[in-house]
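Chain IDs A, B and C follow the sequence of writing; residue 1 opens each chain.
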Amino acid sequence: MEPIIALENVSFSYKINETHEVSVLKDVSFSIFPGEYVAIIGHNGSGKSTLSKHLNGLLTPGSGDVWVRGHNTKDASRKLDIRKAVGMVFQHPDNQIVATIVEEDVAFGLENIGVPREEMKQKIDEALEVVKMSEFRKRPPHHLSGGQKQRVAIAGVLAMQPDCIVFDESTSMLDTFGRNEVLQVMRKMNTMGMTIITVTHRMSEAAEADRIIVVEDGKIVMDGKPRDIFKHKEVLMELQLDIPAVSQIAEMVHIQIPNFSKELIQEEELINEIKRVSKARSGEVV
Amino acid sequence: MRGKPIIEIENLFHTYMKGTPMEHVALKGTNMVVNEGECIAIIGHTGSGKSTLIQHFNGLIRPDSGKVIIDGIDLSKKRIDIKALRRNVGLVFQNPEDQIFEKLIGDDISYGPFKLGLPIKEVRERVKWAMNMVGLNFEEMKDRQTFALSGGQKRKVALAGILALKPKILVLDEPTAGLDPKSRNELLDKIKSLNKIENLTVIFVSHNMEEVAYLADRVYVMANGKDVLSGTPIDIFTDKEKLQRYQIGTPETVQALYRLKDLGYNVDTSAFTISEAADEIIKVLTNGEVENHGK
Amino acid sequence: MASEFELSRNITIGQYVPTGSFIHRLDPRIKLLVFTILVLAIALNTSYVGNALGLLLSIYLFWVSKIPVSYGLSGIKPAIPFIIILAVLQLIFQGNVFSGGTVFFEYGFILITSESIRLVIVSAVRFVEIILLSSVLTLSTSTTELTHAIQSLLSPLKKIKFPVHEISLIITIAIRFVPTFAIEMEKMMKAQASRGADFGSGEWWRIIQRTKDMLPIIIPLFNIALSRAEDLILAMESRCYTPGNERSAYSVYKALVGDYIVLIIGLLLSLLLLFYPFPY
């Protein structure tokens, strides 16, 4: 399968002054394939935010290449094709809303790529429907809650029908409910076939994904399925990352009861494992 | 341990933008009592009135009607010593790192004490103490540039800027929002020691239930401009019906234990910490205390 | 008791109050055109009667748009000291320039005549009228409508390569962030007040001291504005915004008969204010 995004030996550094540079990304390579749900995780200052801005050409690598749908992000003439293919939702809900009416804001991107008015209406309807914000379409966005604003921002990106949406810390300013609203929309879009990349420092959010890429000091230190990643608890702790509560509980129970699996991530799995072990145990007794 | 009431709020009302088309009632008869030395968590949705309430604590907002007495100062009186009030109540806003304006860390933290008109020696002592309290080394950090700090460190500087006022009551609005786990845990420990060792009365707003369970002696739940529920974290997190009614999240551990209880396992749902929860599960599995399997 | 920090309260620009009135439903292009012409006509009218008419008209427009006049007037409050100082200065120094009419008072270079008094009163009233009119316009028109209106009124300028799209987008964003920054500033004042800062308590003539007192607010606000602007640029770029590119438009407006009637009435009123020889 052709990847949507491919990074080849990407390095990037910020210039502080004439003589000093800070190296942020160091020889990063990976590919994102259609339909994947990928979490890029790292603590603040690990380089994950700089990395995410490379995914749609907001930044271009100092050395190495980023390919989006076969276009090199350094090729300025392909900039619009790249941004049409990879949409991005940002951290601060207020700073990405341009218009003063919800539907007008969703229309902003479509206007930019010259979609005719008749088609726009349908695309806006569909996008607002997916994020469940249809009833707010005529409202001014500044009266909405954080989670609702983020859903409007998602609709604005979704309406442009990209192949992939990058969420750059999009839940970090939200409360628990706002976060759950956004996570649900992400999951839903993924099952509808959208490629999702979420950049986060929350392990519990990363656990939702099908694949986790761990970034530390501008390098990729792990890349794999959540289950495999959470096996390396010591490494994660060292990287100042949280381990999901379920995973920690499972580990502790495992120490006391060896046949209790320690490789659990989700609450559902924990409950099932408890059922299984307790059945087995009561079987032993009887 | 628990002292006399230091904050008393009775039937408090507040309306924003009164007399304009944007008029909005934020508080509709809130009650609250905080005793000296307590650590209180306030939880509730965005828009439930939490921020409006805590801004009454240091007189940034005066009561429209109702009683607000903070450390003996009655805020419904027209003339009050607002400076004394703000000295005694340190209010730390959300994302306090935004308020840093001096180039050097030491200068920024000393802004408050200088405004109090303290002699330079005393200011220095206070800055040293405050930096120590948040875990910043005075000698090493005081002359560092503020803009080059990480998010977590900036927040510590901002917190130190408030602590340098030597308040009796510390009020924090979502102190750990946006911090990574390491900085978050560090900050939580600092707040805990301020409360338990330095004996500050601490009131904090939070969306993170693990944090509430870890820090708070008592919890107030706000909804629609009113206090709808209060009690110890155990009281709150074990009242399943109310949790659902007010859409309060629970710590992950409690959530899993509830599901086990629903399945008929004999578990104690008030086990908040991860090791307590693990112990509960081990207990269930080793004693085979299962009243009925599944449903 | 209003809070000493409630800044957003007195900001009537960028606040849209949807009441669904007749004024709200007008075609924004025509609304903007009529208001612009009216404001110009009022600015050029120097008679008592003309300005009394203008004042009545602005209050009437508030009434029609179902927005309390008191709310519009609250927008004037911050400008009152300014109006007074201006009036006093005019009264003292303009007598020699507008020296017609009866002389009431003369001392040295100070000359107060019925004409200079007229000038002072008329300019104060005029100021109020203009603030009221622009408030009705912005309170009854969403920013998006306003941008579209500006854009289509400026569109003839496209022929001379004037960046109409860009300018109108800049205006929209500027207006859209006015309330946001008022809130931000309010928050910053409160945060610094919590650290012991106090604003505006020093004597007003100690300008340097008072400016220094504001630094704890101005510096952080500047930082916040910069980082917001940076975020906004990234978000707009990600959504394919390219300056100079041809864009399509989601909202289109069609002027109806009612709109044209309003236009005609507006024009007539403006002509009246401009050319009718009012006796006083």
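Just so it is clear, a contact is a pair of C-beta atoms (placed from the backbone, for glycine too) under 8 Å apart; a residue touches a chain by one contact, two chains touch by 3 or more.
Here the structure is a predicted model, which is why all the values come from computation and not from measurement.
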Between the chains shown, work out who touches whom and classify the graph as line, ring, star, complete or other. complete
Count the C-beta contact pairs for B-C and for A-C, then tell me which is higher. A-C
Sort the other chains by how far their Cα centres are from that of chain A and give me the top one. C
Centroid distance [mean C-alpha coordinates] between chain B and chain A, Å: 30
Let me have the rounded angstrom distance from the C-alpha centre of chain B over to the C-alpha centre of chain C, please. 41
Mean-CA-position distance for chain C and chain A (Å): 43
Help me check something: in the complex, which residues belonging to chain C touch chain A? 16, 142-144, 172-173, 176, 179-180, 228, 231-232, 234-242, 245-252
Note: in the complex, chain B contacts chain C through residues 16-22, 55, 58, 60-64, 83, 86-87, 90-93, 96, 98-101, 111-113, 115-116, 161-162, 165
Which chain C residues qualify as touching chain B in the complex? 1-3, 5-6, 8-9, 15, 17, 19, 67-68, 70-71, 74, 187-188, 190-198, 215-216, 219-220, 223-224
Touching residues on chain B, where the partner in the complex is chain A: 45-47, 150-152, 177-183, 207-210, 247, 249, 251-253, 255-256, 259-260, 263, 265, 274-275, 277-278, 281-282, 284-286, 288, 290, 293-294
Help me check something: in the complex, which residues belonging to chain A touch chain B? 43-45, 145-146, 172-173, 175-178, 201, 204, 240-242, 244-246, 248-249, 252-253, 256-257, 260, 267, 270-271, 274-275, 277-279, 281-282, 285
